[in-house]
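In what comes next, subunit A is part of two complexes: it sits with subunit B in the first one and with subunit C in the second one.
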Partner chain A sequence: MQTAWGWLPAIYLFLGGMGAGALLVAAAFEFYGKRYQYEFCPTALVGATVPGPLVILGTILLIFDLGAGLREPWRIFYMFTHFSSVMTWGVWLLTLFIPVSLIYGFLEILDAFPAARQWLRTRRWLRWTAFLWNLPLRRTKRVFAGIGSVLAVGVAIYTGILLSAVGPAIPFWSTRVLPFIPIPMMPVLFLVSALSTGLVLTVDLAATLAIGPMEQRVKSLPWIHMAFIGVKTLLLGMLLITALVNGGSAAQSAREIIAGTHAVVFWVLIVLPGFIFPFVVHAYAAGLGRHSLVFGVGSGVGIVVAGLFLRYLILVSGIPAAL
Partner chain B sequence: MLPSHWPKWTVILIGLALAVFTILLALVLEPAAQALMPWPTPTATLPALHYAAPQSRECILCHTNPETLRQTVTDAAELERLWIDPADVLSTHGRLGCVTCHRGTGGTTDLAVAHQGLVKDPTLHFEHECTLCHRNLPDEIPGDRLRTPHSSVVHGLAQGVTCSDCHGAVGHGFDPVSGQVICPMNVCMDCHKTRNLPAELQDCNACHIGPHDVAAVLSCSDCHTSTQRWNEIHLAVHPVELTGWHAQIDCFDCHDWPNFGGLRYVCSDCHKRPHDFGDDNCERCHTPEGWNK
Partner chain C sequence: MEIPRLSRRRFLGLTAAAGVAAVLGVPLLKKGASLAQERPKARYALIIDTTKCTGCGACIEACRLRNHLPEGVSYIHRIVKGNHRNPWFLMIQCQHCANPPCATVCPTNATYRREDGVVLLDERLCVGCKYCMQACPYQARVYDEERGVADKCWLCLPWVLGGGLPACVEACIPGARLFGRADDPQSEVAQLIASGRAKPLHPEFGTDPSILFYVIEEE
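Take a look at the complex of A and B:
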């Protein structure tokens, strides 16, 4: 079967979404003060430092996927000036998000590791940066967390807008939230998925592996996960139903996902590990107030893997409009 | 949990490693899951593009290599015609694969079998294949101030005109969309003349959208003397004789774009008097040859 886009853009969409989501989680910890409740906050550290490298990696993959961009790199600069194109919005978002997230991560490292800050401050070759050390670290960090959050929402939504903009050619990607609501589903679904995978990466995986189960620190964690799974189920269900109602190649895409060529990816690699298994684990944890390390990490891995497969599935199931 | 002697910053590496691990896991799981339920061949409900890029490898290997081509072609001109620039294979259309557009039989090194059913100009034989991807084609390109006959061609009104008549061999280095190769005017005009189209379709206005609202009283050639540059003008058409510096400047240095308004033909419309003596009637002292004359 001919597919418009394959793994490279899928990985970019996943890394962009998860990076944006992780930064939003770190910023939420920063603004709600959770960052400062304990001596060491791995969630804020990972959420601030990891998004920059993830989005850089994703952007490199994207450039690799642009055949013309590789052969004639100067063409990439044209992408900055074509403001009516969704691609240009994305190029600007990434161009701004990457340095802001890197600076935010650097400031978080300085805050979390005073020894590193002291070491840098005493370097002779960094004497010219003396004026920067007089800035209030936490206030400056909050400024970058705030700017980064706005850009992160843009990056997370943009990955969906990019697909929905290809709409006339591939109707499934431009399926609306509901047939009578003129809002494309992809940006909404991708934003929720970005938040979900970002939360899992920073809290359920990195922080749990660093300091143990996080229920004591974030008591509402199972409920938050169940809410995310519920919203994602609703959005995915609406996407498939609306596509089926729309008919044509959009309906064909939905049929291929539910019971056709992509059914195994949808049911075995997305629904089971990303929806059913984590929901059972977190429902159990909500009842008991705790869950085992293995099941917690296992459900986290399931959610992020399903997040990647969700983007891959949406890309490969896009069928061009028939004439 | 991290061992207590591990530094705390290890958690950053764990975060990055988890992202990479997720991707690697997905890349392993996907083919494994697909092996449980292989993808069937395309069904008739899918779009009609005859997609065969994977079957085009043998065509590319032969046609991009002059040494291989020389084994069957001796004539230098023919060799040049059949040779494909490897860069073209990587172009947007080139990536569709040779067999997708030119048909023939892919996946074989047998010369006769490979060229069986081959078509030289795909748009002549499969006229609707371009529009599988290229839709909502414009009849006007405002940025270039040009008219195009897209609607007539797509709907079959322009009998005998195919996409490649104007756009050339898009998979072979001709790329009119990005402007890498500018479509010369004679491509349009030669065709219009050959097909003996009505006079209005052999005039400048057939393709160009004039910016000036003067078409009722003037034709393009009343003023414009060149088909290469717009600012080459027949000066005699100007109501006031243009001499000296005035003959060398662009029309819209003095006139308002696009309809030549905003000028009353006195010096002070454009020039500011730099001295206190005299009045705005500059011609009493100066000539258009220069201020010191």
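Take a look at the complex of A and C:
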């Protein structure tokens, strides 16, 4: 079991993924939403405004995980310089994603709340922001949503590449999608998990709490969730089976997850709240067309909790190759 | 008419910024690629004869003392192999790979490979992200809590350059460690490597350890 990275990187991987996923959902509304054009939309509002703060929080956690970089913070600037390192890509992605998502969120607030625009306009000391209300707001917002979603896919994927790039050192992290397909599993799994937690945060939690159960408004929502759960089950199953087939410490990692040290985390904190419970809730919703607010929010919380523990599980179950 | 012109200017500005970034970025990428390709041969070799090693740990302590490491911390660690009746020992330290994964993943380029094959840490650059500790398949990196850097064996380079020996070689009681010039075909280490008796550990990792070699009796 590797001990170098613990909870702080795990929470960062989760927050970065969920932020990226939420921004992608907001961008999808931005580009494809019909009703969103003339109606207040809590999903797009949360999806645009929350990723910036979430990723900032995650980045702060990462900085606290540093050793000498925390004591002498100027050393962090060296991290922009070595492009063979996936961590350098990540530092660049975060540096670009944070301002873009903050600006996107700010423009979304201006668009959603005319009062905010009015407030800005009436403050003398904010007069320098005048260029903002001369801009075509919707179009500028679309530009930032577009750039932001490209960066969001980068943020969600790179966290997986970061782990799979260690190669033979920790075989479980570099497990392939299937033994004969040379694509690492972690980026794929992290991207799907990012999308699903982002969707839950913006739709199941934010929109449900703001305007009531979403299953009654978006008829396909339970099906989307069930599809996500299905894809995640497939990917997790492929990961564990490929790791078992590969043998060595990858198989040992898989055994620790299924029926070993980390089995409780896996079954009780990931499979139950993130797979079984939401699947039952959404299957019920798909069959009857509705379910209670409590179950909707509960299954959302479950998926988010499972997303967090999934990152933690993947980190702690990385066992170095035997020498 | 105002708005389109503004946005076009903005677009041109963005394009210019992207162009500047690309022009600045490409040489950096090229530099990284060329560094990975050029692999000058290692000048030194350190051979550990596991058939002689008793696992006493004198090398571990000598390393700790010479490098002023705190109690219980050393650049060398011991792995017990075999069974309890017939154990043998793998003393693991930095293998000074020709293709060091720790240097590839280091975001600040604090870990680098010298021309003579020695892999060093520039601890003024290290931020302590511990990525190298994850990427080293030999688990040879040692995190120094005091300085917050991922430290490593430096082959006692100042002593070696001055004609001396690494502390672990000096201290080895059963004489299981042999240090010498790999670039001199007459030297004992070069001949032992040429004979095929001394082999790198886990060549399947693809790291091409260029200084550390082990003599391991087939089981």
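Throughout what follows, the second predicted complex is superposed on the first by the 315 of 323 C-alpha atoms of A that agree within 3 Å, B and C clash if a C-alpha of one lies under 4 Å from a C-alpha of the other, contacts with A are read in each partner's own complex, and residues count from 1 in each chain.
Simple rule for what comes next: a residue touches a chain if its C-beta (ideal position, glycine included) is under 8 Å from a C-beta of that chain, and two chains touch if they have at least 3 such contacts.
Computed from a predicted model, the values in this text were never measured in an experiment.
Trainee: Please determine, from the superposition on subunit A, whether subunit B and subunit C clash or fit.
Mentor: clash
Trainee: Quick one: is A:W7 in contact with subunit B, with subunit C, with both, or with neither? Answer first, second, both or neither.
Mentor: Only subunit B is touched by A:W7; subunit C is not.
Trainee: Under the stated touch criterion, which partner chain does A:L205 make contact with: subunit B (first), subunit C (second), both, or neither?
Mentor: After superposing on A, A:L205 lies in contact with subunit B but is clear of subunit C.
Trainee: Applying the document's definition of touch, where does A:A169 land relative to subunit B and subunit C: first, second, both, or neither?
Mentor: both
Trainee: Is A:P320 touching anything from subunit B or subunit C once the two structures are fitted on A? First, second, both or neither.
Mentor: A:P320 sits against subunit B and subunit C alike.
Trainee: Which of the two partners, first being subunit B and second being subunit C, lies in contact with A:L24: first, second, both, or neither?
Mentor: The answer is neither, since A:L24 touches no partner chain.
Trainee: Looking at A:F40, would you say it contacts subunit B, subunit C, both, or neither? Reply first, second, both or neither.
Mentor: first
Trainee: Return the chain, subunit B or subunit C, that is in touch with more residues of subunit A.
Mentor: Comparing subunit B with subunit C, the partner touching more subunit A residues is B.
Trainee: In the overlaid three-chain picture, which partner chain does A:L191 touch, first (subunit B) or second (subunit C), both, or neither?
Mentor: neither
Trainee: Answer with first, second, both or neither: which of subunit B and subunit C does A:M214 touch in the superposed model?
Mentor: Touch partners of A:M214: none, neither subunit B nor subunit C.
Trainee: Would you check which partner chain A:S85 touches, where first means subunit B only, second means subunit C only, and both and neither mean what they say?
Mentor: It touches subunit C, and subunit B stays clear.
Trainee: Per the definitions at the top, what is the overlap between the subunit A residues touching subunit B and those touching subunit C?
Mentor: Residues 2, 67-68, 71, 168-169, 320-321, 323 of subunit A touch both subunit B and subunit C.
Trainee: What residues on subunit A touch subunit B, complex-wise?
Mentor: Result: residues 1-2, 7, 11, 14-15, 18, 22, 40, 42, 45-46, 49-50, 53-54, 67-68, 71, 109, 112-113, 168-169, 201-202, 205-207, 209-212, 249, 252, 261, 263-265, 268-269, 301, 304-305, 308-309, 312, 319-323 of subunit A touch subunit B.
Trainee: Within their complex, state which residues of subunit C touch subunit A.
Mentor: 2-3, 6-7, 25, 28-29, 32, 36, 79, 90, 92, 101, 104-110, 123, 125-131, 133-139, 143-145, 147-150, 201-202, 204-206
Trainee: Where on subunit A does subunit C make contact in their complex?
Mentor: 2, 4-5, 65-71, 75-76, 78-79, 81-88, 91, 134-136, 139, 162, 165-170, 318, 320-321, 323
Trainee: Which of the residues in subunit B come into contact with subunit A in the complex?
Mentor: Against subunit A, subunit B makes touches at 1-2, 8-12, 14-16, 18-19, 22-23, 25-27, 29-30, 33-34, 36-37, 39-40, 42, 45-49, 51, 87, 90-92, 95, 128, 131-133, 135-136.
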